[in-house]
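The structure appears below as C-alpha cells.
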Amino acid sequence: MKDLGFSISKSRTIDLDKADLSVYQKIIDKVPSAKLCLMCGACTATCSARNHTDFNFRKIHLLFRRGQFDGLADELDKCMLCGKCRLVCNRGVNTRAIVYNMRIILDNLNYKRIK
Amino acid sequence: MSFHPFVIPFTAGAAILFAVIVYKVYKWTTSLDRKQKFIVKQNIFTIKTIRAISEVFREALIHRNIYRKNPVLGYMHMSLAFGWFLLIVFGKVKASLYAGTFFEPPWLAIFFNFFAVEKHTFLFSTQLTFIMDFLLLIVLSGLALAFIKRMKSSLLGMKKTTRHSSFDRIALTSLWLIFPLRLLAESTTDALHSNGGFLTGSIGQLIPTSAASFMELPLWWAYSLSLFFFFVALPYSRYMHIPIEVVLIFLRNWGATAGEHHSGYTDIQINSCSRCGICIDSCQLNFAAQLGNVQSVYFIRDTRYNTLSDEVVNNCLMCGRCSNECPVGLELTLVRQQYRNKEEIPGKFYYEYTKSIENQENIDVIYYAGCMTHLTPSIIHSMKKIFASAQVSYWFMDEDKGVCCGRPMRQQGFVQQAKNLVIKNSRMINSSKAKLLVTSCPICYKSFKEEYNLNIPVMHHTEYIEKLINSKKIKLKPTNITAVYHDPCELGRGTGIYEQPRNILKNFSLLVSDNERENSLCCGGSLSNAILDLRLQLKIRDHALDELTKERPDVLVTACPLCKKSFVHGNKAAVMDIAEIVAKNIVTNKKVSEKVYSNELYGVLINE
Amino acid sequence: MSKQYWKDYQSAVADDNYYYERSCIRQSFFTGSEEIFLKIVKDILKKDIVDDMNLHTCSGIGYYSGVVPLDTTMTVVARLFALMTEAGYKNFVPSCITSFGLVNEMVDMWHHFPEKLEEIKGYLKEATGKDFKMPENIAHPCDIIYKNRKALKDKMKYSLTNVRTGKPLKVVEHIGCHYAKIFPRHVKGGAEFPQVLVGMIEEWGGEVVDYPERRHCCGFGFSQYLVLANRGYSAANSKKKFESMQPFKPDFILTNCPGCNMFMDRWQYTIAETEGITYDDEKRGIPVLTYEELTGLLLGYNPWDLGLQVHQVQVEPLLEKMGIEYNPKDKYVGKTGKQLTEPEKPMNLKV
Amino acid sequence: MNCGVCTAICPAAEFYDYDPRDICNVLMSKDEEKIEDLLKGDKIWHCGQCLSCKTRCPRGNVPGLLVSLLREVSIRVGLFTESEEGRRQYAIKKTLGENIINSGYCVHVMHVKPHLHPEQGPVWKWYFDNAEEVADRQGGNYNKEGSGALRKINDVNLKDLRKIFEVTGGKDFYDHIDKLSKVKAVQLKKNITDNIDDNEYFYHVYRDKSQKQ
Amino acid sequence: MKKTDVIIIGGGPAGIEAAYDLARNDVQVFLFEKEDELFGHMNIAATLFPNFQDASEIRSLLLQKTKHNNIKIFKNTGVAKVHKDDKDWHVQTEKGEEYTAKAVLLASGFKTFDAKYKEELGYGIYKGVITSVEFEEMYKEGKILTPYEKKPQRIAFLNCVGSRDEKVGNHYCSRVCCINAVKLSIEAKKLLPDVEAYCFYMDIRMSGQFYEELYRKSQEDYNVNYIRGRISEVSPTIDNRLQIKCEDTLSQTPLKMSVDLLVLMIGIEASEGTSMIAKQVGINGEYSFAKSLSLHSADNKTKNEGFFLAGTCKRPLTMPETMADARAAALEIGYYLKGVPE
C-alpha cells in the first residue's frame, strides 16, 4: 500500500447496528436498577475520583450502554468504589454495583487497556 | 481366638479413614502461609497448647458453645460426640482387662460382646458392662434428638437447616444405623449368652433364642458394615469436621488466622464446618431480606465441593454476625474475603492522578472525615465544633474531598488498588507533624488500623471524644434525652469499640436494645455488598430500625455516616451521629471563636 | 419563518443575458466543463452569456478556510459585481458552488445589515474607484441546464440508458453543500431533496439512487483539505459516502460542485492506493462526472474535448455502457495535436 | 436547546473529537475562560465549513459561522498559534492565501504541485506536466492574455485585488499570521523562511500530526 | 331564522362536555360539528394516557351526554361566519343557513402538525416514517407492521416534531407528545415484546399526575430506551429500513442506527376553524390560537361579550384539562345568560 503522508480518519460515530448491546444486558441481569438511570449526573457530581480527575461515571455508563468499550477499562480504574454515588442516586440505582460489574466484564472480555 | 470375618469391614474402614485424615491434615498444615507457619512455630511449645487441649475437650467433645446457644442442640452434640468418645475409651479398657493385655486386636473392643460370651470374671466387669450400656443409652438418646431435628428442626429451636450432599447422606444414614445395630447385635448375643448389661440384657430377654441364633451374625455384619460406610464417607462429608475441628482448635490457639489469600488454614477452616446452620439464623439477608443460599454455611459448602458462584461470594454484607455466632469459631468473613480477592497486576500503580496534599504546620491532630462523611456534613460541622471547643489544632486532611481509605476497594477484592490508595494516604499522614489521626468513618478507621502502618495512632471520633471528655477538655450538658445506640458493624464487631460510645452517652438516658454490641444489626447500607439491590437493602434497614426503635427513643445514635444515612431515610426516629449529639450538648467555652457558634451547624442538622 | 413544503422551494432563474463567473477549481480541474457550458448556452440554447477577461477569484475558499477576513472577501465579491455592472449585466452566474454560496451569503448579509453594504461600497470605491449594482438574479449554471433540460433533451444523441441491458443507468447525484444547505430557499427542492441534478437525470432517462449518506459532505472542508495533515478527514467523508452507495451499484456519480467532483474522483484513487479498497466490481472505481460533462456527452461531443481524460477514475467503461463511441488514440493528444506520454498507472486502481 | 441535530450530521464531529453543539453552549455560557480555551484549542479548527448545520438547526442558528467567527478572533488576538491545528493557518496562508494576491486565483493548475498533493494521483501529474497542451485542448487559454479558462489575470485586475486587500485589512491579516507564526517557529525551534521550499516550519504545520488525534 | 340560547362550535370532547353541563341547567344548545362524526380527535385515540383507559369508553360516555333533550346536534355543519349585532350572535354555516344565539362557545380544537414540513425526516417520502396518529391507528388494528408487512425489530419515536421548532414557526411545546410517546412505546412493547423501542427527546416533560411513574415503568418493565438528542436526518437503507442520525448528546457523540419504523410525535396546532373564526371575531392570538380575555382570571371569556372559549382552541391541553375547561366555560356562560354580575 502507498503512503501519501496521511491516513484516512476513523469514524467515532456510535453505530447501534454494529455495537454489541448484549454486553450491557449482562449488567442489567446483575444490577436491574441500571435500567432506571436517567443520566442526571448526580453520581458524577458527588464522585470523589471526579474531584481529582475528569472521571465521569455517567458518561462511562452511557458509553457502556451503547456498546462503546474502548478505553473504558482504564477510565474505570480511576474509581475508588467509595460508594457515594450510590447514596445520592435519586432513582436508587446501585451505581457502585454497576462500576464493579463493568470492571469485571471488561476484564473478562479483556478489553485492551491503552497503556 | 477372637476373630470373625465380619470385623474386616470395620477394620478396613478405620484404616482408610485414618490414612485419609493423616494425608489431608499433612497436606494442609504444610501449605500454611508464611505468617501462619511462623506464628505456629512460635507458640507450639507454650501454655497455649494446654489451652488448646482443654478447648478440644470443651468444644469438640462437650460442645459448650452450642450448648450455650441452644441447650437441646448442645446436649445432642455432646451425647453423640462425648458419649461415643467414652464408649470407645471404656470399650478399650474393658477389652484390655478382658484380654489381659493392652495390645488386643483393635476390633475386640468394638465387637466385644460377640467374642466375650463366657461369664465375665475380670476386674470391674459388672461395672464396665453397666457403664457401656449406660453410654450406649446416652448416645442413642442424642441420636433420637438428631432424628427429630432432621424431621422437624423447629422443635429444636432452629429456623433453618442445611441441605445434604450425597456423601453426607451415606455418612448420616450409616451413622444413624451404627448404634441401633450395635444395640440389637449385643441384645441378640445376650439372648443367646446373656452377657449384656441392663439395657442389652433386658432387650435380650425379649428375643426368642431361635430368632436370635438366626439373627445374630447378620446383625454383627450390619453393625460392622455401617461402621465401614461411615468411616469411608466421613472425609467427604460434613462429618469431616469431627476430626478436623481438633486440628483447627490447636492451630487457632497457636495464633493462626486467615490471611489475604487462600492457604492450608483456609481448607482446615472450611473442613471444620459442621454445617449446623446457626449462621443462617444469624444472617440478616436471611431473616430480614428472605434471601437464602448465600449464607456462610452455603458459601463453605460450595467452596468445598467447587460449586462456588460469584453471587454467593459477593452477596454478603460482611457484617460479621455469622463469624460471631459460629460455634466452631470460623473466620467466615475473612475466608469469604479471600475468595473475593483478585489477581494483582505486577508493576501497575493505580490512582496516579490523585493529588497528595501535605501539611507541615505544628498541629495536634489530623482529621480525616472519610468519603461518606462528606455526605453527612453535619458530622463534619460537629467535629469542627468539638475540635474548637477542646481548642485542638487540627488539619482537615480530606477537607476538599480526599483519597478513599481503600477499604471499599479491598472488600470488593481489588487488593492492589486498595494498597495503592493506602500508599497515597500514608504518605500524606506520615509526612505531617501531628500526633494523632482521628476519623469519623468506622470503615476508614478499621482500614487505618489494620491495613495501614502509620507512625501515629488512629482513633475513631467515639474514642477521641471519650478521651476529650475524660480529660475534661470538653463538658456535656446533662440532658434527659432518651437515646438508643447502634453499634456500626465495622466499629463494633469490626474493631471492638463498644464501651467508649456508651461512656460518652452516660449523661443521656441510654436505652438498651436487644441487638447490642456483638449482636448489633447491619443498617443494610454496607459497602461490602455490590449485589444487593435497593429494595432488599431497605428491608434490612427497616427491620434493623424497627428493632432499634422498639423503646421509642428520642434519638437513635450511631457512629457511622453510612449507618446514619441509611437510618435517616428510614425516618422512624431522629438519627444522630454521636459527634452531633455531643456537639449539640457541649458546654460552650467562652474562649472559643464566634465562628463555631454560627448556626450553620444547626442549619445542617435541620436540613438533613 | 413561515412553513413551506420542500417541493415548493423554487428559485427564479433568469432566462437570458448571463454574466458568467469562472470557478478556480472548475477551470483548473475540469477545464472542459466551463467551456462546454458556455458553448451549450451560446450555440445550442442561443442565449447571451459573457465570459469576462477581467474576472478573478471570489476568494471564497480563502474566506471559508479562515485566512481571508470577511470585509476583504465582501469587497472582492463587490468588485465582481462591479465588473458585471460595467459589462451591463444583471444576472450573476457563478460557476463554482463555493462562489454561489458565498455571493448568496454576502447578498443576504448586506440585505440584513445595509450599513455593512455601505461600508463595503466605501472600500471598493477607495480601492478600485468602482461602483456596483446588486445582481437581479443569482443562479448556478446547473440551474440553467436544469431549466432547459427538456430543450436540451431534444438535441441529445444519447440517453442515460445502458445500451446492453436497455435499463436506465443508476446515477448517484451529489449536491455541493454550499449550493443548497446555506439557503435552501434559493434552490429547487430545498436542502434535503434538491431537484436540480435529479431533474436532469430523470429527464434524460436515468434512475436516481437514494442512499443513506446522500446528503453527506464530500469532505473538502476547506482548511481540512488544504493541509496534508488533515486530508485523512477529507478522504474519510467521501469514503463514508462510497461505502454507503456501494451496495446500490451505481453506474456513475454526478455532481454540480467542481470541488466535490474532483475529490470524489481523487479519493477513490487515494482509498484504493492506501487501503486497497474500490467501490465497483471491476476495481476501476465509480466514474464521477460534472453535469456539464454529462450534458456534453449526451449531446455527442468528443469525450476528450470535454476533458474526461483528466479524471483519475477512467470513464471508458461508462462510455461503453452508454454506447458512446470514442477514439482511444485521441485520448492523450494535446492542443497542438502532439501525442503526449500517457500518465503512469496506479497500483491498485485499474485503468 | 441542545438538541444536537448539528452534531448529528456534522462531518467533523464524526471524525474528530468535536461537537458544534458544545461550542454553542460555551459561547452562550459567556464563560471567558472556556471561550479562551476554545480560541487556544484545536476544536474550532476542526470544522469543515460545509454548513450542513445551518439547514437543520430548529433554532435557526449556524454553528459553522460562529466557528469561522471564532477563527478570525483567534487569529486576531494571536491565540491560533497555541494549537497544532490553529498553526496550520500559516500553511494555508502561504499557499492559497498568497495564490490569491499573486495570481488572482485561489487555485490554478500551476498551484497544485504534485509533491504537495500526492493524493491527486498520476493523471493529475500528467495534466500538471502538460498543462498548456491539455488545458487548451479542452478550450482553455492557459496563462495567456485575454479571456478563457486558466488565462493569465492581467495586472489591472491584480492591482485592484491587492488594493482591496490593503484597504480592507486583508493584507494586515496575512502579515499578522506571518508575524505570529515566525514567533512560534522560534519557540518550536523550526526555521522559517518567506518561501515554501526550504521552510521547515511550513512543512511542519502542513504535514505533521501529533498522535493525540 | 333559528334561535337558541347557546351555539357551540365544535363537537369534540370540550364541545360536548360544555353542551351537556349547559343543557343540565335548562339552556338550549345547538352544537355544530363540521365532520359527519362527533368526538373530534377522540376518534383517533385507542387508549388514553396515563392509565390506558379505553378511548371508546369515553366516546360512549360523551355520546350519552349528547342525548340530552336540550342539545341539538348539527353534524356536517361547518361554520362560515360568526358576527354579533347589538344583542345577539349570528352564526352562518357553510351551507348558508343562519342561526342566532345569546352566546357562542368556540370549541373548535386543534389540528396535528403536518410532518411533511420537516423534509429531513422524510415523511411522505420514505414509507417507514409515520406519524403518532398513524401509529395509534395501527395499534387499534392490533398489528404493528413495517410498510413491507414485516414484524418490526426496531421502532423509534421522535419527540418535538413541529413543536419547539423555529423553522416551522412553532416555538411552543405541545405538552402531550412526551407522555404520548411513552404510552405508544409501551403499547408497542405490549404487542411486540421483543421489539427494540427507542425514544428520542430533548427534554422529557412529565408534567401530569402519574406521568413520571409511567415513564419509569416504560424503562423498568418494558425496557424502552431513551436517547437524548433530536433526529437530524432520515435516509433509506438498501434493505428497506431507515437510517436515522442524531447526537447522543449525553455522551457528546454522533449516533446512527437503522430502524423499521420511525414514529413522529407530531405537535398540536390551531385548527383551520379555530384560526378562521378567531380572526373573524378579532381574538386571534399567538400561533393563530384563540385568545382568552385573561389567562389566569378569565380564561373562558374573550374580549367579545357573549363569546366564550373552551379546550384546545386556546392552546395545547390534555384530555382532563380540556374537560375541566369545558365545564368551567359552561359555568361562565350560565352566569352570563342569567346576567349574574362579576
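Each chain gets a letter, A, B, C, D and E, in the order it is written, and its residues are counted from 1.
The rule is simple: a residue touches a chain if its C-beta (ideal position, glycine included) is under 8 Å from a C-beta of that chain, and two chains touch if they have at least 3 such contacts.
Keep in mind that this is a model prediction, so the values were computed, not measured.
S.K.: Starting at chain C, what is the smallest number of hops through touching chains needed to reach chain D?
M.R.: The fewest touching-chain steps linking chain C to chain D number 1.
S.K.: Mind listing the chains that sit against chain B and also against chain C?
M.R.: For chain B paired with chain C, the chains in contact with each are A, in label order.
S.K.: Using mean Cα positions as chain centres, tell me which chain lies farthest from chain B.
M.R.: Relative to chain B, the chain whose C-alpha centre sits farthest away is C.
S.K.: Of the chains shown, whose Cα centre falls closest to the middle of all protein Cα atoms?
M.R.: Looking at where each chain's C-alpha mean falls, the closest to the middle is A.
S.K.: Sort the chain pairs by how many C-beta pairs are in contact and tell me the top one.
M.R.: The chain pair with the largest number of C-beta contacts is C-D.
S.K.: So how far apart, in whole Å, are chain A and chain C when each is placed at the average of its C-alpha atoms?
M.R.: The computed centroid separation for chain A versus chain C comes out at 45 Å.
S.K.: Suppose each chain is reduced to the average of its Cα coordinates; what separation in Å results between chain B and chain E?
M.R.: Those two chain centres are 66 Å apart.
S.K.: Please work out the Cα centroid separation of chain C and chain E, and write it as a whole number of Å.
M.R.: Each chain reduced to its C-alpha mean, chain C and chain E end up 46 Å apart.
S.K.: Between chain A and chain B, what is the separation of their C-alpha centroids in Å?
M.R.: That gives a centre separation of 38 Å.
S.K.: Can you list the residues of chain C that touch 2 or more other chains?
M.R.: Residues 1, 191-192, 215, 228-233, 235-236, 240, 270, 273.
S.K.: Which chain A residues reach two or more other chains?
M.R.: Answer for chain A, listing residues that touch two or more other chains: 2, 4-6, 9-13, 32.
S.K.: I need the residues of chain D touching at least two other chains; which ones are they?
M.R.: Within chain D, the residues that touch at least two other chains are 9, 14-16, 55, 60, 119, 207, 209.
S.K.: Dump the list of chain pairs that touch, please.
M.R.: A-B, A-C, A-D, A-E, C-D, C-E, D-E
S.K.: Please name which positions on chain C make contact with chain A in the complex.
M.R.: By the definition above, chain C touches chain A via 228-233, 235-236, 239-240, 270-271, 273-276, 347.
S.K.: Give every residue of chain A touching chain D within the complex, in rising order.
M.R.: Listed in rising order, the residues are 2, 4-6, 9-13.
S.K.: For chain D, which residues are in contact with chain E within the complex?
M.R.: Residues 1-10, 13-14, 19, 21-22, 55-60 of chain D touch chain E in their complex.
S.K.: In the complex of these two chains, what residues of chain E are touching chain A?
M.R.: Those in contact with chain A are residues 216, 219-220, 223, 228, 248, 250-258.
S.K.: Report the residues of chain D in contact with chain A in the complex, numbered from low to high.
M.R.: Answer in residue numbers: 14-17, 118-119, 207, 209.
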